[in-house]
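Heads up, the next two complexes both have subunit A, just with different partners, subunit B and then subunit C.
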Partner chain A sequence: MRNLFPKWATPLLMTALVAFSLSAAAADPIKIGLSGPFTGGSSPMGISMRDGVRLAADEINKAGGVLGRPIQLIERDDEAKNERGVQIAQELVNKEKVVADLGFINTGVSLASQRFYQEAKIPVLNNVSTGSAVTKQFLPPEFADNYIFRTSANDTIQSAMIVEEAIVKRKFTKVAILADSTNYGQLGREDLEKALASRGVTAVAVEKFNIKDTDMTSQLLKAKEAGAQIILTYAIGPELAQIANGMAKLGWKVPMVGSWTLSMGNFIDNAGANSEGARMPQTFIQEPNTPKRKAFIDAYLKAYNPANGRIPSPVSAAQGYDSVYLLAAAINQAGSTDGAKIRAALENLNKKVDGVVTSYDHPYTHDNHEAIAPNVPVIGEVKGGHVVYAYDEDKKNPVHIK
Partner chain B sequence: METFLQQLVNGLTLGSIYALVALGYTMVYGILELINFAHGEVVMVGALVALSVIGALSHLGLPGPVVLLLGLTVAAPVCMALGFVIERVAYRPLRRAPKLAPLITAIGLSISLQQIAALIWGRNYISFPAVLSIDSYNLGGVIITSLQLTIMGLAALIMAGLLMLVQKTSLGRAMRATAQNPAVAQLMGVNTDQIISFTFVIGSALAAVAGVMVAAYYSVGNYTMGFMLGLKAFTAAVLGGIGHLKGAMLGGLLLGVVEALAAGYMGDFTGGVFGSNYKDVFAFLVLIAVLVFHPNGLLGSRAREKV
Partner chain C sequence: MDILLQLLLSGIALGMIYAVIAFGYQSTFATSGTLNFGQGDALMLGAMAGLSLSGSIMGGPYVNYWLMVPLVLLIGAFQGVVVEFIGVRPAIKTKSEFGWIMSTIALGIIFRNTAENLWGRDDLPFPSPLPTEPLHIFGANVLPMELLVVGGAILMMVLVELFNRRTIYGKAVVATASDRDAAGLMGINTGLVITFSYALSSMSAAFAGVLIAPITLTGASMGAVLGLKAFAVAIIGGLTSGMGVIVGGLLLGIAETTTGFYISTGYKDVPGLVLLLLVLAIKPSGLFGKKAIKKV
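After this line comes the complex of A and B, so read on.
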């Protein structure tokens, strides 16, 4: 049989193969886990966070990557279920061997899944989970180093802002709390009650409901009967919409002020006109009031083209976007993908990271893993189906630095 | 007192919807002694089909009730066809199989229908477009909306019509005969296969109406919405006496009221230990209590006339 290739072809092919494998080794991607609920009631947050992360990762990869290597995102849908979160954490740590994880929307999923990363010394940036306990799960002295960081505003900060808005700024004295029965809702309710107590106020009614409940009229009637002038909420979009709709059914309208989830697209869409006027703490509002924010919003809308030109959860998208730049800065500073080195770099970032939410100047220390301080978030308000600044001075003075 | 009456009104609205769905369970049980666990999913399909139609029509500027009616006129035939197919494909081949077999098929079918709906409509919440302008009336402090009145009125009409159909028409007589003894009914010239199909189709039509009501009342739909609703309606059917039409109606209304009052007052009675989020648990406690103390349900008797 005649040889198919001429004689010179074999060495050429070999060289090409060697060169190819060498270049592949040089550009070996940096694997970063990306987990959150991409389906179900929490999905506006999960999807926005994912898309924000993808956007930043694409930008970084186009600019040459991190340490000369591209970022590869390993995306997993945790369906907002604690047990899925645990499975995914095990898979990402043991099988995919990710360098870091960006994720967690739901406080419950964070608390259930984080220990796998903590044990494997892999840093986690909680982009959306707000439960005050999330970054306090692995503190010294039991754990020498804490690998859990956060880029969102925690519930201690948010509940203080909610109470300030209701009691101080708007001078209401009779408040009702409506919270869902998840870890998120109940830990948030505790924070709210503490924040109220610090202002000498006790809620006149405290009511609970479950995820997927559609009828909130009983709870609202209790609040109405107790004489509530305002409703403070800790829940997620679909159930929050049922609260707003339930008030309309009862012909009773009092203001709603609650955690940042009142900005979720599925709250605004499902409640329609009943969502008007709801207020909540926000780290980011879809308003191009800085060049950085304009670039981010334009890029997001161009890449993902969301309905009505509205990011489903702008806060989640912005925090997700910033988290990649924080992580990339830490990996560059560490000069390595070793988890302990990245953690040390995060805790002492020498270079300022200019983000969408804020400008991060030493965002973390060894003992403080919260990137957002109480002065960073602003109060947003639902107006005409969009979240806008509730107070003009915040809009004019957009960047609050920790 | 006002709050109590308001809870009652809300409970009756919810109960009317439960009753319509419970009728579907009870009619099928009356004739086949089969629990059609996929019935809740028929409600879900009805709601989602109607939401899609209403969403597509919402921009045309037609009056709200017309859009809603158009949604229902599409949803009802879809559900009736679905009910027909469910019986043909999943239950008829198993009619002579041990009783456990169709029960398991029913559960499998329920899950399959949910997943198919998730593929068609996605896993996210679909919101009800703002096509209805809802008026509310204040009756001595109790607020009742035009939508609530429509739901209760329509449910009452449909239930009255169904009773007429079963008790006064020859078709109804054939249904009752099939329920009492299929073999003898067949000997008397009743096409029992046809009657069974018809029962599924009627039950599914009621489910479609209930689905549209739920979607309009709560302004959202989702592929999992039928599961809990189906379970509650089944509870209502058992509460009233399964296989008994009036029982399903009574059971539905009662369960709606019990649930609303439980959510309203549970916190007060238990000193805050159990909050209003335990209302579902309460609904199922009622089911257990009925099964223990009055296994045939409120209106059921040992030698009951079925359907």
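After this line comes the complex of A and C, so read on.
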């Protein structure tokens, strides 16, 4: 075979190649998984979360990225289906080799998919899933380190807040629970019953219904006959709307207080005037009461222009936005994209992260992977088709720090 | 007493919703011995088309609710013709026993996926043409829209009965229903009659869609549960009896609301389905159905 190059050319070429590959490595993007339901009934939450994450990633990239490298989001639609979530987790871990995953709206999808990240030692930040078990799947001593973190308020916190609002603040003694028959609804109902028991109250009626049920007459009549003064809910938007509309039909109007899903656009739109006054725990309300929040809301509305100037799910958007900054801070502190190092950095974040939901000062420890403590969320109320602060003092002291 | 009355009224309203949809199963079964398993999706298409015309989701409203209804009926009829032409006719031609089952289910899924892409997958509010304040009847509350559902369902069935009994075209339908081969020999274009029955079936589903949309939620997946419940109603009442679907619908609707209240809301679907099993075990042709003797 004839030599194509003179002898002196080979080392030169090698050096050039090495230099080229080094410079390529420097600009290599950091791949971060972003998974959630972008279609289907949970999509208002999934899309808001995705858009919040995109917004933060764009801002970070414009400011020079993380460790001098840009963030690249690998987005996948899990359709709120457990089996899709599992496929996506394997793809993101094995094929895309992401350094972390932001995501999960549905508790069921979280519980089914997280195993793959845990095994690969890749940190996961749950941006919306609220099931109490989500961060407790891989605890010591069985697992030395837990890679599952959360930026949302879990069901234990939410049910305690719902009960406090109903029993302590508004002094009702007879409550009815209406929950849907999914995992979300039934696990939430258990949490609600526990929270009620701790206040020495037993619900006068506990009723359930299926997704897509169109008639709530019997559930509501049972609650009414049992003398309920207030209805506590654990369900999602469309069926919550049927409950509110069913109450209007029966001419029986009692307050509704329930999990944070009462802030979903598809509840407010489908229930119309009947949604007025419903209250729920919220980590974030679309109200520009701090400069940080104002900047976030303005940027979101400008970038995505949602209908009626309303973020479809403000809570999901804010938690998604904050999760990127938390992760970026951890990667910077770790000085590497190694999963174990990022986890260790998340568990001991030295830099305070000023987020939209709250100011995160050491949000996680080795044994506590919940960024949101019971004092962080506030109670929101539906008013004129928007979710607003139920209590003025919360609006005036906007940032609750863990 | 008020409670029972309220449960009965809500049950009747719910039952009539099922009956209107179940009616669609009947009309095709009578003429061709086949069913459109995409009935729930035909209902959804009717509701979504109605919302596009009289709501604001596609840049409308273009027409008001009452003018929209005839347009939706036309769209429904056209959809029925498409289903018959693509899904059912080849199966009847080849005398396939099961081909039409798969093809009507497949078409239903295609329609649903198309709707998801056209209108998204979220549930949308359908503006009510009538006041949403409930009416008080002997201490129980009823929505004006629920009365419209009951009235609309009865009106539709009366119109179809009149058509069958009083017009020459209706008689052709009845003749095809009682004996397709003999009707064909008498010069009736039975193929056309079957096409017509599919048009009528999807038309009634589309009509049911726009009737119930203001009280249920409107979305691409709204037809699935309703289509299934209506199928149970058609089996309970009998696939050959117009009276049967009304009685079957009322039975199922009232069973659901009363069980929900008196036993448990977790079991409210059970009595209706137990009734279905009983009917299938004791009188498989349905409460009001005529026994069909299958000649082989």
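Here is the rule we use: the second predicted complex is superposed on the first by the 378 of 402 C-alpha atoms of A that agree within 3 Å, B and C clash if a C-alpha of one lies under 4 Å from a C-alpha of the other, contacts with A are read in each partner's own complex, and residues count from 1 in each chain.
In this text, a residue touches a chain if its C-beta (ideal position, glycine included) is under 8 Å from a C-beta of that chain, and two chains touch if they have at least 3 such contacts.
Everything quoted here is computed from the prediction, not taken from an experiment.
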Subunit A as common anchor, with subunit B and subunit C clashing or fitting: clash
A:Lys383 touches, of subunit B and subunit C: first, second, both or neither? neither
Touched partner set for A:Phe209, first subunit B, second subunit C, both or neither: both
Which of subunit B and subunit C A:Asp269 touches, first, second, both or neither: both
Subunit B versus subunit C as contact partner of A:Leu250, first or second or both or neither: both
Which superposed partner A:Thr39 touches (first subunit B, second subunit C, both, neither): both
Which of subunit B and subunit C A:Arg69 touches, first, second, both or neither: neither
Contact residues common to both interfaces of subunit A (with subunit B and with subunit C): 39-41, 43, 181, 207-210, 212-215, 217-219, 221-222, 225, 237-238, 241-242, 245, 248-251, 266, 269-270, 272
Subunit B partner contacts - residues on subunit A that touch it in the complex: 39-41, 43, 180-181, 206-210, 212-215, 217-219, 221-222, 224-225, 237-238, 241-242, 245, 248-252, 266, 269-273
Subunit A contact footprint on subunit C (complex, rising order): 3, 6-7, 10, 13-14, 17, 116, 120-125, 132, 134, 136, 141-143, 212, 215-217, 219, 221-222, 224-226, 256-261, 265-266, 268-269
Touching residues on subunit A, where the partner in the complex is subunit C: 39-41, 43-44, 181, 207-210, 212-215, 217-219, 221-222, 225, 237-238, 241-242, 245, 248-251, 266, 269-270, 272
Residue ranges of subunit B in contact with subunit A within the complex: 3, 6-7, 10, 14, 123-125, 127-128, 130, 134, 136, 138, 143, 145, 148, 214, 218-220, 222, 224-225, 228, 260, 263-264, 267, 272, 275-277, 279-280
